[in-house]
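Next, two complexes with chain A in common: one pairs it with chain B, the other with chain C.
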Partner chain A sequence: MSAITTDLSATELSKGANLSSWLAPLIVVAFAYIVVPLIGGSYLFEAILLPFLALSLAGVGLNILTGYAGQVSLGSAAFMAAGAFAAYNFNLRVEGLPLVASIVLSGIVAAAIGIVFGLPSLRLRGFYLAVSTLAAQFFVQWALTKFSWFSNDSASGVIDAPKLCIAGFEFDGAVGRYLFALTVVVILTFLAYRLVSSQTGRNFIAIRDNEIAARIIGIPVLRTKLLAFAISSFIIGVAGVIWAFAYLRTVEPAGFDLDRSFQILFIIIIGGLASIRGAFLGAALIVVFPLALSRLGNFLLGDVFDSGVLDMSQRIVLGALIILFLILEPDGLVALWDRVRRRLLLAWQSS
Partner chain B sequence: MSFFTTVKAVALSAALAVSVALPAAHADEQYFPLQSYRVGPYAAGGTGFFGGFIDYLNLINIRDGGVNGVKLTWDECETQYEVERGVECYERQKSHAGAAAWNPLSVGIAYAMIDRITADKVPLITVNHGRTDSTDGRVFPYVFPLLLNPYSETSGIVNYIAAKEGGIDKLKGKKIVVLYHGSPYGKETIPIYELLAQKYGFTVQQIEVPHPGNEQQSQWLTIRRAKPDFVVLRGWGVMNPVALKTAVKVGYPVDHIVGNVWSNSEEDVIPAGDAAKGYTAITTQASGNSYPVVQEIVKTVYGAGKGNLEDKSRIGSVYHNLGIVNGILNVEAIRIAQEKFGHRTLTGDEVRWGFEHLKLDPAKVEALGAKDLFHSINVSWDNHEGEGYVTFQQWDGKKWNVVSDWIAPDWALLRPIIEKSAEAYAAEKGIKLRTAADADAVAVTN
Partner chain C sequence: MPISSHAFGAIEASVYAPEIFAQGLPAAPRQAHEEPRQLAAEDAAPLLSLEGIGLSFGGVIALAEVDLSVRPGEIRAIIGPNGAGKSSLINVISGVYRADRGHVRLNGARYAQVPTQRLARLGVARTFQNLALFKGLNVLDNVASGIAYRTRSNFAGQILGIGRSRREQADQRGRADQILEFLHLTGVRDRLAGTLPYGLQKRVELARALVAEPRLLLLDEPMAGMTAGEKSEMAAYVRAARDRFATTVVLIEHDVGVVMGLSDRIAVLDYGRKIADGTPDEIRNDQRVIDAYLGVASENEEGAGI
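Up next is the complex of A and B:
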């Protein structure tokens, strides 16, 4: 078994520029930790980076399930909601529970729900599975609205996020919450990265590519599929905690609707399936691009049309661009990125 | 590759736009950040409300040259009623100098903003909605559920039914069904109906309609079996016309259905057609365009081609008039604050002080050209709702007709419940209760 692993990682190493495959993410993380807090304003953190981090993490989670293990899911927002409400309730009801523990527990709750709704995947595939994960989407939202215990019997069902406090240190303000979210995202992304290059990750890919072949070479299909659902839901659940606690600072079931599930699915499709980087690139596009369009539209045409007309036309432009993009680059932003990098490298070498 | 260049070009121009988009603040301007929604499922409410609000701000600018010479400015940011878009708009618009108050007209967005506006010291107005306990100004210094919070609305409806039956003691033994929208908004009043039922001796049965509410056959069959004396419709959007149509189908008399404040617009009854004839609903502001202030808007603003509503037949509709009333409340708060702090651009905290002294008695309301449009308001540092009165309108198939006097909700009964809830919130968040002296200390810089 270990022979295969070393073998594969050796080919991987020779494919990428060996050291740079670690160097690039390290530089990005260092930049995010050191430079960004120094130069960024509150708009950058509150409106761009925090939703970007939460959605990226959700994208990483869904990518494990859909990109690597090949199980289509439309229930991502439900797992985010499960995570957010679980963390809220652990934090509220268990006296003195540290925040880290309630985040981990919330991930476990989301994972458990993921396993339950992953069970149909043993029989169903493709569209049929996607439709059955819709059940998770509707059930979780319904349960959270129906039973007011989840929102601590708050009159309107909308609840406030607790303070982010770890070991006496309070992550207050936009920068604090950003660093908190960044840390969680970095840790989980690192673990996800390790996972997909491990034996389990290869089992995921084997099942995605040919389930019968995978079964024949001795991969436990049932266990592996449920594991994919569990790990993916865990990560998405924690992404829900970041969304609710660090970004919006409020939790309401309506915020985790089907649209959010689609949004996360689009992130991984546009970013690139079966790629950790893809989730980040996709999230960046989905978060930043509409904002840039809307600000540009307001700036150029804000005096001529009202905001409704502008918003409608932005949707049309955005939709058209996404279609165009997927035609030109069906493998997602990751493929585009790699191609650009190769060309730049070539240009640099030839000069 | 060409696609990549396009993306780059767009990104670059966007970055340019961002860097030059915000003009320097003018010394004599007061700015309203409008987190409006003109597309999406609730566009009918959004266009009407923000249309009325902008029309009134325009009226003040055109007719009076602003508030004591301070020009009112605003810009719109589309939220589609979605929380994260509202937050983005907040972050985008807050860098603009001279912000007076936020008016998102969305419970979800308002919740997400409470921490933020409290830190920034700018008032947040949730006219006719919002969280009930934000009425308590000791705990929520910057949040104002002006005119009517959900509990007052409930009390107003029960008082109206009592008046129709011939007195509060006649409620004993009566049966009321509340048909509510299956959402946080719809559920907010469940405990208060139970409490009022106990207090006045009527029985209440509360039935949920799952969102969005376009199928209500089973709920109305239950209602037919229960034979209630009144049905309170606590709906939203498509649920309202469907409820009225289904009521006719099962044979429940429509004039015994009372709508709440988000089931009271033209958009709720027109789609129901004849089924809505005789339906009554609560409102804080009467509809119609006969009021002097609405007439002035028609003449001055729409006459100058600056009207905000595309469909002029909506002038004077329920949502449009709510926007106008909201405009009056915001502008008068600024005016009151200006008398204390000077005729200049005010800070958010100074405007907050203005809202906390927003007292418009019926005479003042008449002077503003809004007699009978709304009754009065009396906000104080610890009562951020301001004791708004309600009235009831009946739909005759073409327009709403006022069928009641101005009715006062039972504030004395509600206040202890609100205080208890607010104090629990304060304890949970570690907020120190504000005193009258704290309320008078005003930050002069934002």
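Up next is the complex of A and C:
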């Protein structure tokens, strides 16, 4: 028989990996809940961890659509904006609505918009679909700026976040908002993980890998694509709520521009497509990298390295990084991470 | 590979791979035919028939006036040179293409275009000339996806892991495991489909089609690009699948030796037209077939194309 051998050690290895695949995230989450609040200063929370959490969640959402279901989207920031402004309005206009309910409802609003702008995917693919999702990007931003009702008639559409209060407990200060964001991200990431390892998640992959074959074996292609848009937009919408309510506290529609959409796309490309972990690794790099670059620039060049130079060098280095990743490591940081870990494990075992 | 020396000899595939037949098969879920050839009697109502199928792409006539009938339980081969329209015919039967003229009759219902989305429910499964596996899924899940259309639980139930979705998943993977065992693929069960050698990927595609226990199985060059040994192995699997699941098979294959040994009846296409139709013996002695195809078989051996 050609090339069929039962590899016992491989199955045993995968059993071990199964345990560690649960253990590792558990340790990370425990660390994030218990240790980080004790050691972190407000700079860590405000400048690094809060944007990191919001962008990671947006990355998880986009990865479901693009990484798993294979539908390219350039409209992520629009769904973040939709989520943020929907939550703001639910909270403002519905008396006594619990914060959790406004968050869930805002996700549903983002999902509905996602379905509408996902309709072209039933006809278009790849590049053409990406361009058509730009419509979402421009339409949502335009609507939020044009109709001041969305921002309760405030100047230039700026909204202020309400108090983060759940069941009488107030998430106050940087640490409080961090714990709030962390909780939302952990819950949604867990659900996203369950989704991608379910039959529905496998249907996403089937449609991505071979749409005609998927249709032939009876996977409901149209419904599944729209479902991917809906779920992805829900998650990205909630990420927008975190961005607005927990991280920045005051936002305007201009903050959710095309640049932000690209940023989220870069996160999943650098982190690794079709990987939940990848969204976190990618977001970490995207958040930490400009800060590190500015420190390094100041250290090496002193005053010459002003904000203009910083901005430009950021774009150049980021662009170079993306090209490098696409060429050298198309599977992203996750693949790099796994390879390094395997090497270390082997080295450790042999010693 | 060079033109097979047995190109005209009707050597039974089982001669090459007797071990596949010798070993016991898992319990058949459906009544298998004792004598498939007997059942496929002349007067049995056809399971599938094509009536006056015409199809062209721009100026290229892919199919013209093609009639074809397929009886229950038979292995029906379609042969012909490159570009003769064989794949187009399978694409019409499976609804991937809509014929410009003519009809497809399936289980008595008549279609201008077969509804692709309902194909699996109609009891039709197919494989593709070019590999069409889901590269990002492992072998087991690729095969299990062949019965994903039966899933009733929705995504919310699956995320929460409610009883039905668990049962469905266990059931579908269980069935997939049976097929993997049947096709001797258990050893690669957990490998990503895209990392397998070509021949095995072809076999996984057969498994994905078979897991739905189709009444009609359409195979577009399942042995293309294989070594002689792999080909006879595959031929044995096709026959075993027919015998075990009582599946009717429409088979496109370039290797005339394999086709002669495996099929009950053969239709020959040339430039989109059917130039001959009959038993292997009749085809072997048909002058038009010899002129159009058999005489140049060596050039078409590997058969590339859509």
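By definition in this document, the second predicted complex is superposed on the first by the 319 of 351 C-alpha atoms of A that agree within 3 Å, B and C clash if a C-alpha of one lies under 4 Å from a C-alpha of the other, contacts with A are read in each partner's own complex, and residues count from 1 in each chain.
Going forward, a residue touches a chain if its C-beta (ideal position, glycine included) is under 8 Å from a C-beta of that chain, and two chains touch if they have at least 3 such contacts.
Computed from a predicted model, the values in this text were never measured in an experiment.
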| item | value |
| --- | --- |
| Which superposed partner A:254 touches (first chain B, second chain C, both, neither) | first |
| Touching partner for A:23 - first (chain B), second (chain C), both, neither | neither |
| Chain B versus chain C as contact partner of A:160, first or second or both or neither | first |
| Touching partner for A:35 - first (chain B), second (chain C), both, neither | neither |
| Partner chain(s) touched by A:43 [first = chain B, second = chain C, both, neither] | first |
| Chain B versus chain C as contact partner of A:218, first or second or both or neither | second |
| Touching partner for A:301 - first (chain B), second (chain C), both, neither | neither |
| First, second, both or neither for A:325, with chain B first and chain C second | first |
| Residues of chain A touched, compared between chain B and chain C (which is higher) | B |
| Residues of chain A contacting chain B in one complex and chain C in the other | none |
| Residues on chain C engaged by chain A in the complex (per definition of touch) | 94, 96, 116-121, 125-126, 128, 132-137, 141, 144-146, 148-149, 151, 153-155, 158-161, 165, 168-169, 172, 184-188, 190, 196-197, 199-200, 208, 212, 229-230, 233 |
| Chain B partner contacts - residues on chain A that touch it in the complex | 41-43, 46-47, 51, 142, 145-146, 148, 151, 155-158, 160, 247-250, 252-255, 291-296, 298-300, 302, 306-312, 324-325, 328-329, 336, 340 |
| Residues of chain A touching chain C in the complex | 1-7, 10-11, 14, 191, 194-195, 198-200, 202-203, 205-206, 208-210, 212-221, 227, 231, 274 |
| In the complex with chain A, residue positions of chain B that touch it | 3-4, 10-11, 13-15, 17-18, 20-21, 36, 38-39, 43, 47, 75-78, 80, 82-84, 87-88, 91-92, 95, 107-108, 111-112, 114-116, 131-133, 150, 182-185, 187-188, 191, 210, 308, 421, 428-429 |
